[in-house]
Amino acid sequence: MTVTSEFLDSSAAPAGVHQGRGNLNGDGTLLSVRDLAVTFGVRGQREARAVDEVSFDIRPGEHIGLVGESGSGKSVTSLAIMGLLPDRGVKTSGEVRYDNENLLTWSSRRMSSLRGRDIAMVFQDPMTSLNPVVPIGTQVTEILRRHFELSKGDALARAGELLQKVGIPDPKRRLKEYPHQLSGGMRQRMLIAMALACEPRLLIADEPTTALDVTIQAQILELLKELVADTGAALLMITHDLGVVAGLCDKVNVMYSGRIVESATRRVLFGNPRHPYTGGLLESVPRLDSPRGAPLTPIPGSPTNVLPWTHGCAFAPRCRNAVDDCRRVTPALRPDGDRELRCHNPLSDDLPDDQRTDA
Amino acid sequence: MLRFVLRRLALLVPVLVGLSILLFAWVRALPGDPARALLGQRATPEGIARVNELYGFNEPVLQQYLLYVKALLNGDFGRSIQTGQPVLESFFEKFPATVELGMSALLLAIVVGVPLGYYAARHQGRFIDTAIVSGSLLGVVTPVFFLAILLKLVFAQWLGWLPTSFRQDARIDATHITNFYVLDGLMTQEWDAAWNAMVHLALPAIALGTIPLAIIVRITRASVAEVMHEDYVRTAESKGLSPAVISRRHILRNALLPVTTTIGLQAGLLFAGAVLTETVFAFNGVGQYLFSAISQRDYPVLQGYILFIALIYALINLAVDVGYGIIDPRVRVS
Amino acid sequence: MATTAVLAGAALLLSSCAESERGNGGEEGTEGEAGGGTFVFAGAAEPELLDPAFASDGETFRVARQIFEGLVGTEPGTADPAPLLAKEWTVSEDGLTYDFTLETGVKFHDGTDFNAEAVCFNFDRWYNFPEGVQSDDFAYYYGKLFRGFAEGPKAGEGIYESCTTDGDDKVQIQLNSPFAGFVAALSLPALSMQSPTALQEYQDDAASNVNTTDYSTKHPTGTGPFKFESWERGNQVTLSRNDDYWGEVAKVDTVRVVAIEDAKARATAVQQGEVDGADLIGPADLQPLEDAGMQIMAREPFTVLYLGMNQKTKPLNDIKVRQAIAHAIDKEEVAAASLPEGSEIAINFMPQSVTGWTDDVTTYDYDPEKAKRLLQEAGADGTTLEFNYPTDVSRPYMPSPADTFNVLRSQLEAVGLKIKPVADVWSPDYLDKVTGSADHGLHLLGWTGDYNDSDNFVGVFFGTQTDEFGFDNKELFDKLAQARGIPTVEEQTPLYEEINQDVAEFVPAVPIAHPAPSLAFGPDVTGYQTSPVNDEVWSSVTVGD
Amino acid sequence: MTIPLPPAQGPFTGNDPSGPETGAYEEDERGLSLWRGAWRRLRRNPTAIVGALIVLAFVVVAIIAPWLTPYEPGSTQWSGEVSPTSVPGPSPDHLLGLDRFGSDLYTQMLFGARQSLVYGVVSTALGLSVGTLLGVLAGGLGGWVDTVIMRAVDIMLSIPSLLLAVSIAAVLGQNAYSIMIAIGVAQVPIFARLLRGSMLSQNKGDYVLAATALGIRRRRIIIGHVLPNSVGPTIVQATLNLATAIIEVAALSFLGLGESDPAVAEWGRMLVAAQDRFEAAPRLALLPGFAIAVTALGFTLLGEAMREALDPRTRR
């Protein structure tokens, strides 16, 4: 049972659901981010570079993780891709290549017809991400009617199906209800339903489970995984939770203070983290395979305690491995075997086998 | 919903009772004999005796109060010292004019204020925003009567574009059924009468509407600015919705909730403003009548009108709350 | 004086209007020839009610004069009585019996006949007013003029004896003591003839509030050139032409009287063409209106404005102080600063046209030095005096009291007095305080004559001991009572001249001026006839081309 | 599979896209007290500066008015130069000309500021003190005291404040005090509500809970902790109310209440008096009208800037 097939088979399906959708980039990627930089300039204060030198590729159907603490720039990256950053006080440079074009140069009008249909997004907090005064039905149908020429009735019928897909019981009734009448998990299902309504080619999920109860989190991840697989959409998973990435992603990019510090396949990264920050993140996660009673090791300091990248390595103030160079020389992101790494003094890659993870 | 309304109405009772006590005490606090205060210059010995009997001014205070309330419940709000007209009758005669003026002012305030506030919020920090915000501040601090005088001077006296006073040209033979002149004109298809009434409404409505307009601009701006950054607006944007749908359905529908409440609160302001505006424009409504009652010391009129205005004010706010419940589903259920 | 020019202009305009009327009007204006249209006139307040018998205010009378007529009217442009519903009359030697011959063929608006019986009905109605309406607030004029009623506290004090009919067109009124102003008084709207049928049907003189009876609000019925149409409270009174009028039918179809309290607003309304005419135009607005092409008219002053002094308070009980105040006042400056052009400086408490006016009185010329000297002699320099004046009112004799007060204040302060201003709203506070209590010092007040009668001026002011002036001058009171009782005007004259001299000597108040009330009209209004006693009937008015 | 509960303000909370911009900025404000922070923000806010300058100018003029003019207020000594159709304009002797009563307009304007300040401050102080007392009693004692006071406040709020003021002035008679009292009383409900609300919200605050847990007596908690924390909003409200009070004084004068001297140096009264000299001398109406508006603007700007400064959340 796939949503795709139903969409395409359904007699009510609008002609050319996928019509007008772009091709892949010349290099076979669906989306290719190159040297993305985002600068916030608030009047009267010095500019702050939230994202810099960010590059990664997403191929069709691929699941990519973007991992980092809050303030690491991962959400800004996703908003930049979606063209959702505010116009004022924000400077964006670099390239977001999609359909052989740079999305950053698109007009807002053109972006808006791409959003929701080609690239969709699920946000972190389902409690605040749904409009409290608009019935759920309208919130689902509006995206369908925006991108497909559907009558109100057809859109409602489709919305009902979608709700069923995401596991919301009694969709007919729910469609008439308002968000506050739903639980948090239900709401996140709603948001996922909306995001997948137009069968996007890329789904960006920005911390989709953070705000949910632990028990719900797994369910939602499972649902996401299943639906993404069914529709064949690529997934960009943004999270601070390596656990989430471990179960989902093919490739992982770790960000710190606006830059990618390590980028590798899941297996490589989890098996042998080389950037001290990646290592720190992994050590602070409880693992089923760690010895009983082994203490979790948090990363010392706070993410606000940074060194500007222009002066050296931003992580240096919190880094156990920091050497003099880290405070003087800006590290570059260099290929390092099966990964890319931005570090003067990486962790050794000779971790014992039993500590390697196969998620 | 019904229970909500009933509960709110029940809450109104102590306020009205308290108000009646206050107004009852007020007449007794006025300098001089209460019966004389109520009858004014025309106080004849018989009149005083009659009022004394009617309100029991010679009885114990509690008895007096009960008699007063009994009279109120019988619809006897006393008679004007000036005209001898029953207070209730004059109120209903003049109320349509004030409602017409107040509604026009409010309509103006909403129709102009909401888009301005919205526009300012969407262009926060730019020149146009600064201009709108400064303008609204000026609107808030400019005294109604000063504005009314200015408008009258410039548009009526100097430029001669609009009439200076009255609700309708005395030259026009208009049929008055409801005393809402515009409505009357439309109902009887006396188009020139309706138009004339509207022209006469223009300046007073602008004068009276300016403060609510300024307040609505400010609240809308603040509210839109807040809602604009809500997650659900970002969600809507991420769905690729057109800016129009985002504004209307996702921003305004939320942002206007606090504006609704404000509109209810404006009602009190409008009544006070109507006293000043109607006076400047010789607009024959409750406000002008109150003004002359104030200057003529027409206490029965003041007493009755204040009670009515408080009641209407409370009902308007109740209506606004009910309306709020209709717009905001979160309130509706609870 | 510049004022004469204005008056002459007004007169010119009026006479030319009158001429043109005669030119095209013929004997009786037919409907076709009448100008038609609506004449909108703004007064300063609403009428209080529509039954003039219970009224004493100008606004009520203004409307009443269009609907009702008395037995006697006034000669156009003067205060002198002239035939109206009564064609002619004779008075007996003793001044007690009056015989009136009535116009015939006159009908009330309700279609009933005006005849001798109707006249007696009205006289009897007044005489038999129930106690509730005998107070000054209602039957003020009847009470003042006839001094008593059939019942109540003033039973038996009245001078009215009886009314007898002789056929349909002859009426004899019998008084029990002479009243020289009787005929002139009958020109007052309060004593106009009302339809007995309508009164019986709609009026209830015993109602708890006669202001709100059906008759007083919806059914006033007289014989005048206009019929009552409607009264929208707070808005306007609408009258329509009486096509069956016994005299010359009115020119305009409809007349509306609106109330604009504020003098400035009245002026603006005329200028903007919102109304065709307005009364009591403030002095400040005359020039701008004239510049804008509006017509300005001034009534021949039949008013007096005075500065009253309460002799119950010190040091005003000292005649030297009162004389000093009289010398301190520059009447010309007061008139220039606060009164309309056309006003005349006063030396008597009555206008020149009234019997008894004389220039042979003590005048107190403007002489601040003398004033200071007198104050020093009285030991009163530097004293603080309360000065009461009303706010928010314009009266025919006092168009802008605050301005008048201010000029007087600075003049009085210039001679070393200190002034403490006490302002109150005109009604009821000011009137109560000044005429009904001893709690006042100096005050502004005045009078507009109701009809040509000396007693209507000096008698009103100084006839008895009052709270207003606070003095007890038996000699003066007696002289006034004696003058009142003299049956003919000719015999009264020397006595009133003497009284005026006495008053000037005694200085109970300082007569300041005879202000000329101003009216303004739009450029296309013709035929408005001003009257010193406001007896202005709008039947000759036309609007537009 | 989650990361352990982070420490307060720890690394793994939130998802703030604007994180980097505020990071460094907040750092240096930490440790400043609320008041010092507010003061800093106030000084940086151009709105506050404009407002403060207007208020300062107004207050200074009001205080030193007698030294700025050789004439007495309300003196109509040049009434002879004024006629119904002409009011002398500016001249070396009279910077702004005369008014319609023959007073020096410049002097009247200066002393008008004084009058407005006195009326505004006295009435607001009255409203503030009575309102605060009632609010503290209601919020502090709760129970029937609260019910009674708040019902009374509801009743007062059910009458539009201008009408309330008018009714009170009617009882008190025509004098300056009646205006001050009337406007003051009309402000009572505003302060009572404010104080009660802030007391109630703080009653639930952590530090009150802590203090209660430490066994500190209720009265001391209120006086020592709750009240000081309400000072900020109260000052803000008082500043804003000054603006309203100044306008309402003028409105009551406009309605003919208040002092009886027509030539009194009071802006509202001057405006009324100027109405029928509009054509001859528009400045007579425009100057006091703008003076009222600008003064009210000053207090409003200052009040709003103070509100922003005290409550950083409301900042844009």
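For clarity, chains are labelled A, B, C and D in written order, and residue numbers in each chain start from 1.
Just so we're on the same page, a contact is a pair of C-beta atoms (placed from the backbone, for glycine too) under 8 Å apart; a residue touches a chain by one contact, two chains touch by 3 or more.
Since we're looking at a predicted model, the values are computed, not measured.
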Chain pair showing more contacts of the two, C-D and B-D: B-D
Central chain (distance from its CA mean to the mean of all protein CA atoms): B
Length of the line joining the C-alpha centres of chain A and chain C, rounded to whole Å: 92
Whole-Å gap between the CA centroids of chain C and chain D: 50
Whole-Å separation of chain centres (CA-atom averages), chain B against chain D: 24
Sequence positions of chain B contacting 2 or more other chains: 125, 157, 295, 297
Overlap residues in chain C, where contacts from two or more other chains coincide: 262, 392, 425, 429
Of all residues in chain A, the ones touching two or more other chains: 124-125
In the complex with chain C, residue positions of chain B that touch it: 40-42, 44, 46-47, 50, 79, 81-86, 90, 93-94, 152, 156-157, 160, 163-167, 169-171, 173, 176, 282, 284, 288-289, 292, 295-297
Chain A residues touching chain B - in the complex, by the definition given at the top: 43, 82, 84, 88, 111-117, 120-121, 123-125, 128-135, 138, 142-143, 146-147, 178, 180-181, 191, 194-195
Complex contact set, residues of chain B against chain D: 14-15, 18-19, 22, 26, 29-31, 124-125, 137-138, 140-146, 149-150, 153, 157, 225, 268-269, 271-272, 275-276, 279, 290-291, 294-295, 297, 299, 302, 306, 309-310, 313-314
Residue ranges of chain D in contact with chain B within the complex: 151-152, 154-155, 158-163, 166-167, 170-171, 173, 243, 247, 250-251, 254-257, 268, 271, 275, 278-279, 282, 285-286, 289, 292-294, 296-297, 300-301, 316
Residue numbers on chain D that touch chain C, as the complex places them: 75-80, 82-85, 100-102, 174, 256, 260-263, 273, 275-280
